[in-house]
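Below you'll find a set of structures to go through.
Heads up, the next two complexes both have chain A, just with different partners, chain B and then chain C.
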Partner chain A sequence: MNQYVTISVDGMSIDVPKGLSVLDAALGHGICIPHLCRVPYISDIGACRLCIVEHVKNGRSKITTSCTLIAKEGMVILSNTEKIIKLRRNIAELLVTEAPNSRAVQDVAMRCGVKEVRYSFRNSDCILCGRCVRSCTGLFGEKAIGFVGRGKDRRVESPFEIKSQLCNECGRCIDLCPMTVVPCDGPMMPGEERLCGNCESKMSFAEEIPGFCIACDLGEGFQCERRLFLGP
Partner chain B sequence: MPQTTLVSILEGHRSQPHQLIEVLQDVQDQYGYISEDSMRAISSELGAPLMEVYKVASFYKAFSLKPRGKNVITICTGTACHVRGANLVLNQAVGQLGIEPGEVSDDGLFTIEHVNCLGACALGPVVTENGSFHHHMNPGKLRKVIKTINSSGTEEISHG
Partner chain C sequence: MAKIHAISDLEELREKIVDDRKQFEKTIILCGGTGCKASRAQAVIDAIENELAEQGMEKRVLMRTTGCHGFCEQGSLMVIEPGNIFYCHVLPEDIHEIITKTIREGEVVERLLYTDPVSGKVIQTEAEIPFYKAQDRYLLAQNRQIDPCSIEDYIAIGGYSSIGKTLSDISQKSVIREIENSGLRGRGGGGFPTGRKWAECREAPGDEKYVICNADEGDPGAYMDRCLLEGNPHLVLEGMMIGAWAIGAQQGYVYVRNEYPLAVKHIRVAVQQARELGLLGNNILGSSFSFDVSIARGGGAFVCGESTALMASLEGKVGEPRPKDVHTVLEGLWNKPTTLNNVETWANVPSIIQNGASWFGFKGVKGSKGTKILALTGHVKNTGLVEVEMGTPIKTVVFDIGGGAANGKPIKAVQTGGPSGGCLPADKFYLPVDFDSLAEAGSMVGSGGMVVMDESTCMVDVAKYFLKFLQDESCGKCVPCRLGIDRMLEIVTKISEGRGVSEEISLLEELGATVTQTALCGLGKTAANPVLSTLTYFRDEYEKHINEKKCPAGVCHELITYMIDSEKCTYCGLCKKACPHDAITGEKKDIHAIVLDQCRKCGICRSECKFDAIQVN
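And now, the complex of A and B:
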C-alpha cells in the first residue's frame, strides 16, 4: 500500500505518495511548475533549473529545483512568488539565449513570461539538459553518450568522440531532445518581437493563470507530464 | 607503452569501479597522460563503463588526455595570481618555448599548462615545474627557470 505525505504547495494542501518529487506532486494536482529537462520515469538531475520553487523551512525560504526535491511530511512549497517568477523568467531567458532555434525552449520561455531577450543569441545546439544522456541505455545497459569536459566546455559526446559501438540506434535521445523541434518564426529579438497570433494568444493565457495548468500546448516540445495525464 | 606497468597499477583495483579516480591518478603519474588504450583497459578491468571513465578523465584538470612533454610548466591563472601578473608570466613561457598552453614543444621537452588555482594564492603568481613550486614569479624569473631546465637537461633543479 502506498504511504502518503501531506505537503502544502502555494497554500494548497495535497496528499502525495511517499518518495515522489515535489514537481511530480504539483503536476499531478494541476499546479503548473514549468519544467524542461524532466523525463517521466527517468531520474531527475535538475539541469535546466526551470522548475525552481521556494521551500520554506523554519521561517526561511530556500530556492531549489522541485524535480530533485522529494516530498516530505509538512513541507511548505511556494511555486509562484514574485521572486520565483522573476528568477524563472531570467533562467528561461538565458536558455533562449543559448539555444534560440528550438520551439520547445521558446515555448517554455513563453510560459515563464519571457517577452524579449536582452542578450545576444549564442545559437548553440544544446542546452545540456541531459535528457539524451539520462534516457540512453545503450547495449548491455552501458551508456553510449555522456557529458564530457566541464564548465563552458561541457558537452554531450561519445567516448573519444567516435560513435560508440554501444549505441543500439534506438533514437530515444533524438526523440527526447528539445532541440529537434523546429523553431517558431518569431525569435524574441530585443525591439522586434515578432510573435505570431497563435503565440500571442497562448501568451495571454499563460499570463492570466500562471500558477495553474491550463493544458496549454507550450509543453508539447518536451513532453510535459501534465499532457500525458490529460491525454491528447 | 609498457603494458606491465598498467597491469601492476590495476592490481588490487579490479572489479572496483569506485576506485576509478585512484587508478586514473596512478596512470597519470606513471605515463604523464591517460591514453585511449589505457582508458579502455581501465574500463574493462574495473568494470566501469567506458563513458564513465572518459567522463571522469575529461572532467578533472589533473588528468591529461594528450601526451605531455618531459617537463610540465604549470602556471596559475587564478584570480590572485592573475591580478599580480600571471598573464605576463604565461606570455613569457609561450613566447620563449614557442608553444601554446596544452601543446608539447617539438623536442618533447616542455608542456605549458594553466590552471585556475594552485591553492597558494598568497605567494602568487605561482608556477610549478614538475611538481616543485616557484613563488612570486615574474617573466624574468621564469626565463631563468626554463633556461636552467634546458641547460641541465634533467628534471631536478633547486627549489625556487
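And now, the complex of A and C:
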C-alpha cells in the first residue's frame, strides 16, 4: 500500500506518494516547474538549477532544487514567486547564451521568460546536464561515459578518451541529449546566434495562469516529464 | 612503550616523562614548520645536533623541533628556555656561536635578536615582541611546547587527559551539552554551531557513524589548519576521539591534502603512536569505547573542502558536492550519519572539556566564542599566523599585530575569508573579527585568511584574481557556478581591459546575486562574494575603469602607460639595461624615454629605478 504525504505547492494542497520528489509531485498535478537535467527514473543531481523553488520552513524560505527535494509531510513550496522567476530567468539566460543551437535550451529559456540576453553567445556543443552520463551509469549500470575534468574543462568523455567496450550502442544517451534537436529554423552559424523566440505566442496565454502546465510543446526537445504523464 | 589500559597508567606515564625531562638544563626550541623549513630550518636542526654532540652537551640540552610558531617571515625561529630568548633568521652558520655563547655562558647574541620594524627597538624575549604580545595564543602556543612527532611531549603537557576525563566522568550527552554551552562554532568557514551538529548526529538513527577531520585547506594565502596538523596532530586526534565518543562513532577519517606532506607525515606518525599506546583501538583506557582513525589524502581539488564533495572523494567517487536537502549528520559518508569538522574546530574540543564551557565562553563576543587563528599576509610589516580572541577589531590585527603598512603606502583594504570572503575597506577596520559582524558587512571569517592590501592594489584586479581561482576550482557540476563565474570573469576582465560599459556593473550585481542564491554547494554560494564586496565598497574603482578608462592603482595593464619623469631622472641608464623589451631609449647622461609601442608594461624598469622617476599613469 502506498503511503501518501500532503504538501502545499503555490498554495495548492496536493497528496503525493512518499519518497517522490517535489518536482515529480508538482508535474504530476499539472504544476509546471521548468526543468532540464531531470531524467525520469534516474536519480537527480540538481545540476541545471532551473527547477529551483522556495522551500518555506519556520517562516524562512530557502531556495533549493525541487528535483532533489523529497516531499515530506506538511512541506510548503513556492514555485512561482517573483524572486524565483527572476533567478530562473537568469540561469536560463546563462544556458541559452552557452548553447543557442539547442531547441530544448531555447524552449526552456522561452518558458523561463528570457526576452533578451546580456552576454555574448558561445555556441557550445554540450551544456553538461549529465543526462547521458546518468542514463549510462544509472539506468543501465554501464560506465561507458562519464565526466572528465573540472570547471570549465569539464566534459563528457569515454574512459581514456577511447570508445569504451562497455558501450553497447543502445543510443539512449543520444535520445536524452538536449543538444540533438536544433531550433526550428535550422542551426545558427557562428555570429548569427540569437534567441529564437518562435514560440513566444504559445506562451502568451500561459501568462494568465503562471505555473500551470498548458501542455505546451516547449518541453519536446528535452522530453519534459509532464508530456510523459499526458501521453503523446 | 607499553600499552595504556587505564587512566592511572596515563597519569603515571605523564609523571615519568616529566621526571625524565628534569635532567635537561636548557631547551632549544626550533621551529620546524613548513615556513621555517623554507628558510633552511632543516640545516639548522642538523647543525644544532652536530654542535651539541661535538660539545658533549646532548645530555644537558634538550633540542625540540616543533611545529609552526606563527612568525614565519622571520624564520628560522629559535627560542631558548629558560630565558625566553628569541632569535630570528637563524642560519646554520650561527649555531656554533649560539651554543657557545648563549647555551654555555648565558650570553645573548645581539645580532640575531629581533628588531621591531615599527619602533626600531631590539627585543630580547619572545614575550615582548609586539607581534606576539597583542595576540591571545591558546592553540598556537601549544605548538612551541611539543615535538609533533613525539606523543610523550604531548602527554607531558597534559595531553590525552581530556579524553581520559571524558571516558571516566562525563556522559555522552553531557559532552555534547558542554560543547553546545561553550558556543563553539565551526572554524572551516560555515560557522555552524558544533554542539548542535554533534547532537543531531548523535540522535540520527543508525549504529554506524563516522567522524571526519577536514584538513583539505585550499584558500590562497591561508595555512592555519596546516600548522595545527603539522604542529600538534595529537590535539586534533584527541578532539576527534572526544567527538566520536559523544556521537557514538567507531571510525574517524582525517582528509588531508597531499600538498601538505609534513602534515600527512605528522598525522600518520601521531595515529601510529596513539595506536601503539592503546589510545586508539579497542577499549580505549579500559573503557567500552573503541575508535580508530584512518588518513586519506586529497588530490588537491579546492571543491573537496566542501563536506559532501569530501565525503564523495573519501568513498572513492569523483569529488563533487551533492545537494544537502538531507544533511550529512543524517546521511553522510556511505550514507551513514557523519560529523565533519575542520581541524581547528577539533583542536578546540579537548580544552573545552578540560577547562569547561564557561572558560571557553568567557573569551570572544556574543555569537562567536573562543579564539581564531588567522593567516595574516599581504602589505603589512609582520606576516604570519596570528591567533586572536574572537571579536578583536580588524585594526588591532592589521596595525598592532601586523605592524601597519609595509611599504609606506596607506592600507586600503583587507580581504578576509579567502575566495569565499570579501574585501573590507579601511574605514570598516573597526569591525570585530567574528562570524556575524563580518558576514553582515559582506565578507566572512571563513577559514581565517586575511590579506592586507595597500594603495598599490587594484580592487578590480583582486576580484579578477579570485574569479580566476574560482573558475579553475569550480567542479562544474551546476550551472550558476560554472557559467555564472565564467561570465563574471568575462565581464570583470572586460572592465579591467577598459572595454567595460556602465550597465555591466548592475549586471555583475544581478549575476552575483543569482550565483549566491542558486548554486549547489556552499562554495558556489559564496563564490560571488569577492565581486559583490568590491562592488559595494570600491565601486568608484570599477567606475573609473569603465568611464575614465583608468586604473587608479596602476595595475591593469591595458589602462596604464609608463613614463619617465625627466625632472627626477638622473640618466643613469639602469632602467634601460633592465628593460627586457628594449623599450627605453637614450644614452647614459642623456634624456631617457619609453617607446610606448615596445613597452609591455612589465614594471621592471620601475622597480629598478632608484629615483622614483618612472611613473605610471
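Here is the rule we go by: the second predicted complex is superposed on the first by the 209 of 232 C-alpha atoms of A that agree within 3 Å, B and C clash if a C-alpha of one lies under 4 Å from a C-alpha of the other, contacts with A are read in each partner's own complex, and residues count from 1 in each chain.
Everything below uses one rule, namely that a residue touches a chain if its C-beta (ideal position, glycine included) is under 8 Å from a C-beta of that chain, and two chains touch if they have at least 3 such contacts.
If you're wondering where the values come from, they're calculated on a predicted model, not measured in any experiment.
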Which superposed partner A:S164 touches (first chain B, second chain C, both, neither): first
Which superposed partner A:G28 touches (first chain B, second chain C, both, neither): neither
Partner chain in contact with A:G113 - chain B first, chain C second, else both or neither: neither
First, second, both or neither for A:F147, with chain B first and chain C second: both
Touch count on chain A, higher of chain B and chain C: C
Contact residues of chain A, present in both the chain B and the chain C interface: 146-147, 149-150
List of chain A residues in touch with chain C within their complex: 45-50, 52, 63-65, 68-70, 83, 87, 90-91, 94-95, 98, 118-119, 127-128, 130, 146-147, 149-154
Residues of chain B that touch chain A when the two form their complex: 36, 39, 49-55, 58-59
Interfacial residue positions of chain A with respect to chain B in the complex: 142-150, 158-160, 164, 166
Footprint of chain A on chain C - complex, ascending: 301, 303, 318, 322-323, 325-326, 471-480, 482-484, 486-487, 490, 507, 510-511, 514, 517-520
